[in-house]
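In the two assemblies presented below, chain A is common to both, partnered first by chain B and then by chain C.
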Partner chain A sequence: MLKAVIDAETLRDAIEAVSSLVDEVKFTISERGLELKAVDPANVAMVSLRIDASAFEFYQATPGEIGVDLVRLSDLLSMADRGERVRLELLEEERKLKIGVGSLSYTLSLIDPSAIRKEPRIPELDLPAHVTIPGAEFRRAIKAAEKVSDHVVLGVKDDVFYMEAKGDIDALKLTMPSSELLDMKPGEARSLFSLDYLSDMSKSIGKAPEVKLEIGIDYPLRISFRLNEVHVSYLLAPRIEQE
Partner chain B sequence: MGVDLGDILGRKKVSIEDLTGSWIAVDGFNTLYQFLSIIRQPDGTPLMDSSGRITSHLSGLLYRMTNLLESGIRVAFVFDGRPPELKAGTLAARAQMKETAEIQLQEAIATGAESFRYAQAATRINSEILCDSIRLLDAMGIPYVQAPSEGEAQAAFMAIRGDVDYVASQDYDSLLFGAPRVVRNLAITGKRKMPRKNVYIDIPPEVIVLEEELTRLGISREQLIDIGIMCGTDYNEGLQKVGPKRALKLIREHGCLEAVLDALGERIDNLQEIREIFLHPEVTESYDLRMKRPRIDEIIRFLCEERDFSEERVRKAAERLNASYRAGQSTLERWL
Partner chain C sequence: MTGFARFAELCERISQTSGSLEKTDILAEFLSDLEPDDLRIVAGFVMGVVIPGTELGVGPSLLYESICKATGLSPEAIKELLRATGDPGLVAYRAVERRKPLTLAAFSGSDGLDVKDVYQRFLSIAKASGRGSQDIRVKNLQYLFSEASPLEAKYIARLAMEDMRIGVGEGLVRDAIAKAFGVSKEDVERAYNLTNDLGLVAEHTKLGRLNELGISINRPIKMMLAQIGESIEASLAEGATAVEWKFDGARVQIHKDGTNVRIFSRRLEDVTSSLPEIREIVRAHVRAKTAILDGEAVATGEDGRPLPFQEILKRFRRKYGVARTAKTIPLSLHLFDIMYLDGASLLDKPLAERRGVLVSVADPEIIAEQVVTSDVPRVEEIYREALAAGHEGVMLKNPSSPYSPGKRGKNWLKIKPLLESLDLVVIGARWGEGKRANLLGSYRLACIDSDTGELKDVGWVATGITDEMLAELTELFRELIIKEDGMEVVVHPQIVFEVGYEEIQRSPNYSSGYALRFPRLIAVRDDKSPSEAETLERISEIYRLQRGRSKK
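And now, the complex of A and B:
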């Protein structure tokens, strides 16, 4: 059972954080809220999302699972104006999700959860260094890096965080000493990542007041941030440096 | 179509491996046209889905482009925009030719005669074919550029700026537009059926280097353009009984086209305007040539669910495409 009311923008932001990686997801419904874990078709990136019950203006649920086509859901949500409320109601018998916006009401057909790719296990990683920076700052650095290359190095040396993109002609470097960081755990870390994944992720990250980046040496990158009561965490596999 | 300068230009046969690591701007219409005319069943019928929609171009895009990308070649498609006004004559003549071929094709099919060549000649690119192609390129993560006018001019411009290494087209017009290096037979490399014969021959890609050819022929690019105009371009008909060899001889003798025309007592309408199209074509600087991540699910949804392709084959190609895109990209499985 699920009956909930949520601010349209909050739900849109949450869905957008996931839909950049996967099209279909399985939501786990519980008293805690809505949760999902998904991995992109190429097994390069993972996302976990939790919309806390407190993110909703009204939330009443009993445990269950629903399969959702995110492309269709975001399409429907795009109709809601900023500041409007979205009403969600699970029609269990019909396997549909009723979505109400203002005086409009849609029914979204759900996907059989067993037809959706199995939830990934989240690997246990010991990441030696982490930094916390404003989301907007991260987004800006990604956008700048995209202008020169299709991949970027994220690293920590002593207590300095850096991002480095080298193209055929131009190079870009961002350095932030610990004094400019919101938080950090110094260490040695340096890994290379594809910018297209980071670019997709950075749209959501850019909205977060702060983002925590956990980095290793040729190791996956963990990116965690909060959009109000929505918790998002990405895990991105590195590129292996050639040459 | 385009200028036929094949008789005077030297071409170097290369292998696909020679092109590894290079960026190639592909003349979109030219390539789709090749797919549509070559990828056909033996009786000349194009590949189609269950509702009769043509799919030859989609097959070509998926399988042949995947092969190229797998060889480490990066491609960007360039599509024609609004044609220059002077092209109207050529376009009308082409449409007429295709109509005639279509009638001949129907007759040939009805009588059971050899129909392949009519089918090829009747090939057209309509908006559905174009939209489908763009949708597939997008899902494959292959960048495409909408040219403001001629696609070959745009591709040549990108090559002159150094953003791509080669322009891929069967036509020689790219050279007149100044493309430093043109590669032919790129999209159709491999076996090709000889027209009107049941014989297949190997077609390796070949490269024409503009600067080398100009030096070898002892002419300037302006003079090459004049030679093209004498032989006939998409914008003019050309002089009677003048082919590339004679045109070259005339240009060497007289220096420029005006002098040739004086000597022959001929005239070419809109000469300056035609030269301008080649020398200063309408092009755009706003394009993005980055490859994007292939969307395997979207490729399968489109080709298998909507166009009746075999899922097994498409999935294999999509996975190869993905692997080539991710060269160097690890997956999370390693850390599980």
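And now, the complex of A and C:
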């Protein structure tokens, strides 16, 4: 069972954080809120999302699972104006989600949860260094890196965080000493990542006041941030430089 | 669960075995152990049919891009492997050997691939459409190559190209199913012709339900085909014959299920969305509730003569990015058979009776005219009328014959002018010289050895191609290049050319043993898949017929 009311912008932001990586997801519904974990088709990136019950203006639920086509859901949500409320109601018998915006009401057909790619195994990672920076700052750095290369190095040396992108012609380097960071755990870390993925993620990251980046040596990158009461965490596999 | 590694090992073993019988034995043994759902997948996979009735739409460039992404090798390194091996399967094998871990599985562990995982990923690839579909195709393939062992990668690449290169064709799979489950080849073949899906047939055979498979609405059956008749006179020797025009159009199989009408091409692909007016014609002029009908869709020009059928087929080939025909070309429908009506199969009824049923459910304006006669001058007259109207010739049909799906037998004979054309697969090409230096100017043609599924070359075609076509063809084939070797390229066998010629000659220069004299390109047959190209048997049949005629 699910009956909920939420601010359209909050829900849109939450869905966008996921739909940049996957098209179909399985939401787990509980008293705590809505949660999902999904991996992109290539198994390079993973996303975890939690919309706390407190993010909703009204939330009433009993545990369950629903499969949702995010492309269609985003499409429907794009009809809502900023500041409008979205009403969600699960029609269990019909396997549909009723979505109300103002005087409009849609029914979205749900996908059989068993038809959705199974939830990813979550690697247990011990990442030696982390930094916290404003989301907008990270997004800007990613945009700049895209202008020179397809991939980017994220690293920490002593108490300095750096990003490096090297193209055939140009190179870009950003360095931020600990004094410019919101928070950090110094350590040795350096890994290379695909900008395709970071760019897809950075649109959502850019909206967050702060984003925590956890980095290792040739290890996956964990990116965690909050959009109000929506918790998002990405995990991105590193690229290994070929000789 | 069947591990994909087991399937890859099976393919490897089959490819290293030379005789058809031995290959059949190996395959039969493998199939007999499989769970029904895996069996359904494997029976298709082993002959390069990934999703029955659907083309994957994966070209070499997409394949190599996903291999790059999965392995971390540069596009240059992949090109180097391609030059060295000339085979997408071996490129994948070698690239995966050098793969650096690039996915989360390297940190979370992985269960390995099973046959179903691979099928599911290909299904996602086949279903992808519209915005972002290219990305979905690349990522799913990338996943497969990042999880696969080198040997698995070799066969994933070949599945992606829908070309297994292990010498297993439909006939061999049919025999293996029969052998694995102790049923007759004829029963397997019958079910295959009625369903066009050997995986489905294998699964039903395993479950002891082979005989339950029959003709069914919304599932295309193989079309009945015609042999070349030697002459009108010889063809009428058996007695009264049903004579129809052989239309110059596109063959269509129509499934009418209430108001829902689906149209299948010769390749049994659903082309309903390309032919909306045929759907409307059927709705307006066929009174049956459910029916499966056979006929020809003809495009008519302003002068009332048929337009070359490519004009219709341009609509089928949106996939090659050719602009959709903007102006509407009037299409007419000429039905000549009915195989199913309101829940009952008509396949075993004689043609004369089926014709009666057809006349009773469809309006005369959409039924092809038919004359039953044994009078040679009368048939010759119909033949001349058909040619004068711009059509191909006549069909001579045995009025007491059943509809035999998938059969090219003596019950249907086609009489066409002697210089008929051949449908051949393009397997290579040569860069031009001078002003045509950046264009592929001549094309290497092949027929199919239906025992082994191998392609055997019969020569080159370079005439009949305008400069404009040359540019279009170069674009089409550029995507399909597997290997470059000096001026020559090897291309993925995907495109079928209709080629005219003066004569077929014996030739030691080509692997088929035959060569075409004065070949010229007539059309690109988008409606035909490589598996429907001329067989080696047919080339030798025409060679024999031609010698017989020249003696007269």
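Assorted remarks:
Following the convention adopted for this analysis, the second predicted complex is superposed on the first by the 243 of 243 C-alpha atoms of A that agree within 3 Å, B and C clash if a C-alpha of one lies under 4 Å from a C-alpha of the other, contacts with A are read in each partner's own complex, and residues count from 1 in each chain.
Heads up, the rule we're going with is that contacts are C-beta pairs under 8 Å (C-beta built on N, C-alpha and C of every residue); 3 or more make two chains touch, one makes a residue touch a chain.
Because the structure is predicted, anything quoted here is derived from the model rather than measured.
On the superposed chain A, the positions of chain B and chain C overlap enough to count as a clash.
In the superposed pair of complexes, A:125 makes contact with chain B and with chain C alike.
In the superposition on chain A, A:220 makes contact with both chain B and chain C.
Residue contacts after overlaying the shared chain place A:197 against chain B, while chain C stays out of touching range.
In the superposed model, A:46 makes contact with both chain B and chain C. Contacts of A:235 after superposition on the shared chain: both chain B and chain C are touched.
When the shared chain is aligned, chain B comes close enough to touch A:150, but chain C does not.
Within the three-chain superposition, the chain B stretch that clashes with chain C turns out to be 297-305, the only such case among 153-161, 243-251, 261-269 or 297-305.
In the superposition on the C-alpha atoms of chain A, the part of chain A touched by chain B in one complex and by chain C in the other spans residues 23, 39, 41-46, 120-121, 123, 125, 219-220, 235, 237-242.
The part of chain C that touches chain A in the complex is made up of residues 69-70, 72-74, 77, 98, 100-110, 124, 136, 138-140, 142-143, 146-147.
Of all residues in chain A, only 23, 39-46, 120-123, 125, 219-220, 235, 237-242 touch chain C in the complex they form.
Taken together, the chain B residues at the contact with chain A in this complex read 290-293, 295-298, 322, 326, 328-336.
Those residues of chain A lying in contact with chain B across their complex are 23, 39, 41-46, 120-121, 123, 125, 146, 150, 194, 196-197, 219-220, 235, 237-242.
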